[in-house]
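Think of it as A, B, C and D in the order they're written, each chain with its own count starting at 1.
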Amino acid sequence: MHFRSDNAGPAHPSVLEAMIAANTGYAPGYGAEPLMADVADKNRMLFEAPEAAVYLVATGTAANSLALATYCQPWQTTYCAPVAHVQEDECNAPEFFSGGAKLTLVGSGDKFTADELKAVMAEQEVRGVHGAQRGPVTITQSTELGRLYTLDEIAAIAEVTHGFGQKLYMDGARFSNAVAALGCSPAEMTWKAGVDAVSFGGTKNGCVGVEAVILFDPEKAWEFELRRKRGAHLFSKHRYLSAQMAAYLADDLWLTCARAANANCARLAEGLKGVDGVSFLHAPEANALFAEMPREMHRRLVEGGAGYNLWGEPMSAIHEDGGPILARFVCDWSLPAIEIDRFVEIARG
Amino acid sequence: MHFRSDNAGPAHPSVLEAMIAANTGYAPGYGAEPLMADVADKNRMLFEAPEAAVYLVATGTAANSLALATYCQPWQTTYCAPVAHVQEDECNAPEFFSGGAKLTLVGSGDKFTADELKAVMAEQEVRGVHGAQRGPVTITQSTELGRLYTLDEIAAIAEVTHGFGQKLYMDGARFSNAVAALGCSPAEMTWKAGVDAVSFGGTKNGCVGVEAVILFDPEKAWEFELRRKRGAHLFSKHRYLSAQMAAYLADDLWLTCARAANANCARLAEGLKGVDGVSFLHAPEANALFAEMPREMHRRLVEGGAGYNLWGEPMSAIHEDGGPILARFVCDWSLPAIEIDRFVEIARG
Amino acid sequence: MHFRSDNAGPAHPSVLEAMIAANTGYAPGYGAEPLMADVADKNRMLFEAPEAAVYLVATGTAANSLALATYCQPWQTTYCAPVAHVQEDECNAPEFFSGGAKLTLVGSGDKFTADELKAVMAEQEVRGVHGAQRGPVTITQSTELGRLYTLDEIAAIAEVTHGFGQKLYMDGARFSNAVAALGCSPAEMTWKAGVDAVSFGGTKNGCVGVEAVILFDPEKAWEFELRRKRGAHLFSKHRYLSAQMAAYLADDLWLTCARAANANCARLAEGLKGVDGVSFLHAPEANALFAEMPREMHRRLVEGGAGYNLWGEPMSAIHEDGGPILARFVCDWSLPAIEIDRFVEIARG
Amino acid sequence: MHFRSDNAGPAHPSVLEAMIAANTGYAPGYGAEPLMADVADKNRMLFEAPEAAVYLVATGTAANSLALATYCQPWQTTYCAPVAHVQEDECNAPEFFSGGAKLTLVGSGDKFTADELKAVMAEQEVRGVHGAQRGPVTITQSTELGRLYTLDEIAAIAEVTHGFGQKLYMDGARFSNAVAALGCSPAEMTWKAGVDAVSFGGTKNGCVGVEAVILFDPEKAWEFELRRKRGAHLFSKHRYLSAQMAAYLADDLWLTCARAANANCARLAEGLKGVDGVSFLHAPEANALFAEMPREMHRRLVEGGAGYNLWGEPMSAIHEDGGPILARFVCDWSLPAIEIDRFVEIARG
């Protein structure tokens, strides 16, 4: 009954098999191995973006920080939602990699609207050289609260972003879950909607540790490469990143895993729906469910062996007195249905 | 009729006279001149802080950025109000000098309460290594909206700050105006209330360009000196900073100027009170008044020769249609009463 | 006939097997998995350092940059040899991670003496606040030119370093090769000789991508963790780093691989010794050989299928006219003896 | 008998008079005052560069750091001489302002040749993404050892610099002394010889604290403004910088002062020439003389009231036993001839 994070589950066996298959003989390092050329091409095909620059890094924070820094000068600000991973969970990595750029928070949760963005970006006008200058916009898809931006919402945000001469980045740590949920193509959810760069996350969805950063306009490709090296994120034995990504792309493993994860979350939501005392923050749209539950239900679940995190509070809060508490349940591809059902059963009491 | 900023007015003649007096013969540079030793001592006496480290820089942004960086590691966050100068008007200087630390906004305006601060600082608990770590707190006294923290409010904020093991910094660009308004001593408004470091601003209050940074605990004095040099803020001909500060301290010029500026603001507020269509954001407490006025009143004032800034909008907004607009009026020590009265007369129409 | 780099060869099969073995079920991430506790303990035992802090990262540049930044303030300088990896091959990563600290070059090659270090560190005295301040010292063992510091040399350098109140770091990308060559213990080559922190490299010696950073004094352990996270080098699925390190430690795989690599290099040197026109930069002491050869010998080797790099020049230089050129030959554990012999045969012509 | 530094002397009276003249009534700040427009124009005329962007800062380190950072990406390196001020006397300010770019040392002293530069810049070729990338070149004119680059030497260095696609910056802390010595025009010594940006120093030559940074190609002007603000070097009461520069330009005060300083140095050299035991490092070319003297001569001079610095050693070295020691004598415009003569007399014994 593991709902702590989609990065707590195992890698898909075929990913490790690909790493073993790559483990033969000598290969040039640093991304110069033939496998990387192949992986880059396959990503370009998947994204229908023949000109795109494609790079691999091993962590989501590296993908976000390097991509945003590429589009954000140190005297500028990146616009993001208040619960964005880049704001809350990267220990100032975006500020570090950008050389001290600011993050400006838009909206009040995991998503913001084009209008909210426009209002905040317009504000900068009055300060001239004194204020932080406008920089890129980042959205997370699916969001940190398990929701989705629709294609229209993305396009509207892109329009505002571009209207101010800036770039739109998509934190795609759970990119596949979003594509699976929306039933669109990777291209539709990115450059066709105006996204300029995206991270195509593998780590949370069946890989060992790999994220592709895709710059649809390759103009800053060499700068990205220098930033990656300077950030110590260029792997010498790069073939093991390439191998993961090759396996991830083969037979649409990325989509298969994402569908499985989303289905697991739907099963969980279905099971909890109507359980006395349980209410959802919102209907789950991808692979994460946020549900409020009475404290004794939490205690029962934890004693029963369930693993998950409270939202905004340490797990110890369930032992205090008080009302219901919000918890986050993230489902990965590998969760057995029987475990989900057992969890629901305990919740029901 | 100049209300644009207290840094648009002239320096007090005695400040320039002191610079000329210092302009004789050779003197060691970089703060090693005898005059600086004297100035440091006088600051320590004024602040009743015999152990304090005292440094001079030429801009308020330098004072803020260097002091905050001294107490904020790159992976930490500085807590400040949303309209704090460090957040809005320094083009990411705090992020630059700290090596990429974050600013976390507390409250919704120019002031925040100890309780608001406590709630925000407590939040950090749940994120461990993933979130920005807690760092120093900064308050501006008097604030960017012309208000004051009472001594009790400062003490309460200091208690929360210290409770989390952090330092409290006071942006004293308008320190003198606050002391004049509160009728307290510099010591009472700083270390006696728990402030760990302060900038004692001269530039906005009669000097050419000088701010004293006072670290009540000298433990980090040498680090501050290195940061000042590395930031290119250590003056070779430092005697001209010392001379300004010497004049500023002599015969309490700092207090005389501040009282004059505050009195000018009071006269302006008195004159505008009750004028049809004029309303104050709040009663002015130091030397700045924020007042909402009809657009045609703005047009009349500007055509009549008045100089000031709108708040959050360019001056051109007065030529658009629409309702009343908020303006900021800052008074310096040199404003002639007759000009204030003329302004009021035009406003009355 | 692959001599390009010890990071161009494959990982040892048992390393990948360990990764597969770790790929079962759920595990806490970010180094909180039980396997990491075990790996840390085993490292402490290997280094006879029960108090040491042990961390894993995936690249050698990350290990170097994070460790050095932990001991180097932005206004300080790190002392290193001119051909040190940190100076030549990390695209300013040390400057980036330290927030702009300098690198000061000592000596003229890959090694420097305690006396050379002392002279350079002493120089700083005369500049006071104006010059870069003294920071840590880093040595590479085995060096970038395939040589070794003796235990006495290390101890002498440590004494100078500590005499100036600074820390000594050892870049151990090829740590195992050095231990194997010196026949000493890891403890003898590090803290017993005065080394304060070391990277224990796995990537170049049979792993997929893992380096242990060991801080013998754990005082700055938490700072290191924050720097690792902020640098985007904290892996969510950290178990796959732990698994590699576990395999590397098991049955002294690190030592077995290093001995094999060193033996391969000795075989190469033995074969080339006395070949007409070939001269060694110095007798190889670990797993790298630097040899000068006539251009036509280079052409013959490359045409015959050999892979290696020239030192200080692009490979295309072999097609130009001129005298002999220096080449670097690095041997990894997996090189078949028959390939080495074939190489020698071609060189002999 | 003050030879410590040209920043230890007083400001020229007309500079302070201009500051007083500027101290009337209100003026927009931050460089928007009318006086700055005038000063910028006059600088453009002096440099025969109608398109140039002209900015004022208060310290030489600020001028150097901001200008170099504008032309040096964080993953690049700036090329400079080993005794360059930016390398030795700015406590890592260039590294700080550039976000961690490296400094690569060329030659072995205060000057380097175009050939030496070419050889070092060419080296970068072989490292690709791994090494620091090429960035701007900086030369100091007159140099830190009181020497001059000829116009031809500058042009040759510019050619190499531009050949690698980089920019040439001139640290002109003692720009005026060089122009006075060479008898050329400011344009000839800068853009006509290929210099892309220069600092035109006032502080060491009669001003209180002002340096003009002149970018001959204004393409990066706005970036420079943002960097200046972010570095806390944009003065609110900017008129006092403008006033200094206005006085400095009026009636060629810059040239008058520089000629006086150079003449003082020539008088000193003339007086010391042939004194027993005195030898010059080289013939002085501007306003600094480096002379080796016996220790007892040093003691006699210091006891007689002379002020100067040893080169590379603390003044206390004169009390130790040993051979002659090298000292630096810098002459400013204000040195009375009688003091120079008295110094020479004491030296003669």
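Just so we're on the same page, a residue touches a chain if its C-beta (ideal position, glycine included) is under 8 Å from a C-beta of that chain, and two chains touch if they have at least 3 such contacts.
Quick caveat: nothing in here was measured; it's all calculated off a predicted structure.
Visitor: By CA centroid distance, what chain is farthest from chain B?
Guide: Farthest chain from chain B, going by C-alpha centroids: C.
Visitor: Could you quickly compare A-C and A-D and let me know which has more C-beta contacts?
Guide: Most C-beta pairs in contact, of the two: A-C.
Visitor: Counting only Cα atoms for the centres, state how far chain C is from chain D in Å.
Guide: Taking the average C-alpha coordinate of chain C and of chain D, the gap between them is 41 Å.
Visitor: Which integer distance in Å separates the CA centroid of chain A from that of chain C?
Guide: Centre-to-centre distance between chain A and chain C: 34 Å.
Visitor: List the centre-to-centre spacing of chain A and chain D in whole Å, with centres computed as mean CA coordinates.
Guide: Distance between chain centres: 51 Å.
Visitor: Check each residue of chain B and list the ones that touch at least two other chains.
Guide: Chain B, residues with two or more chain partners: 74-75, 90-92, 96, 99-100, 129-130, 133, 226, 229-230, 234.
Visitor: Which bits of chain A are touching chain C when the two form their complex?
Guide: The contact residues of chain A facing chain C are 2, 4-5, 7-11, 13, 16, 19-20, 23-29, 57-62, 65-66, 90-93, 96-97, 203-204, 208-209, 226, 229-237, 240, 307.
Visitor: Would you mind writing out the residues of chain B in touch with chain A in their complex?
Guide: 74-77, 88-92, 95-96, 98-103, 123, 125-127, 129-133, 312-314
Visitor: Which stretch or stretches of chain A touch chain D in the complex?
Guide: 30, 73-75, 99-100, 129-130, 133, 223, 225-227, 229-230, 234
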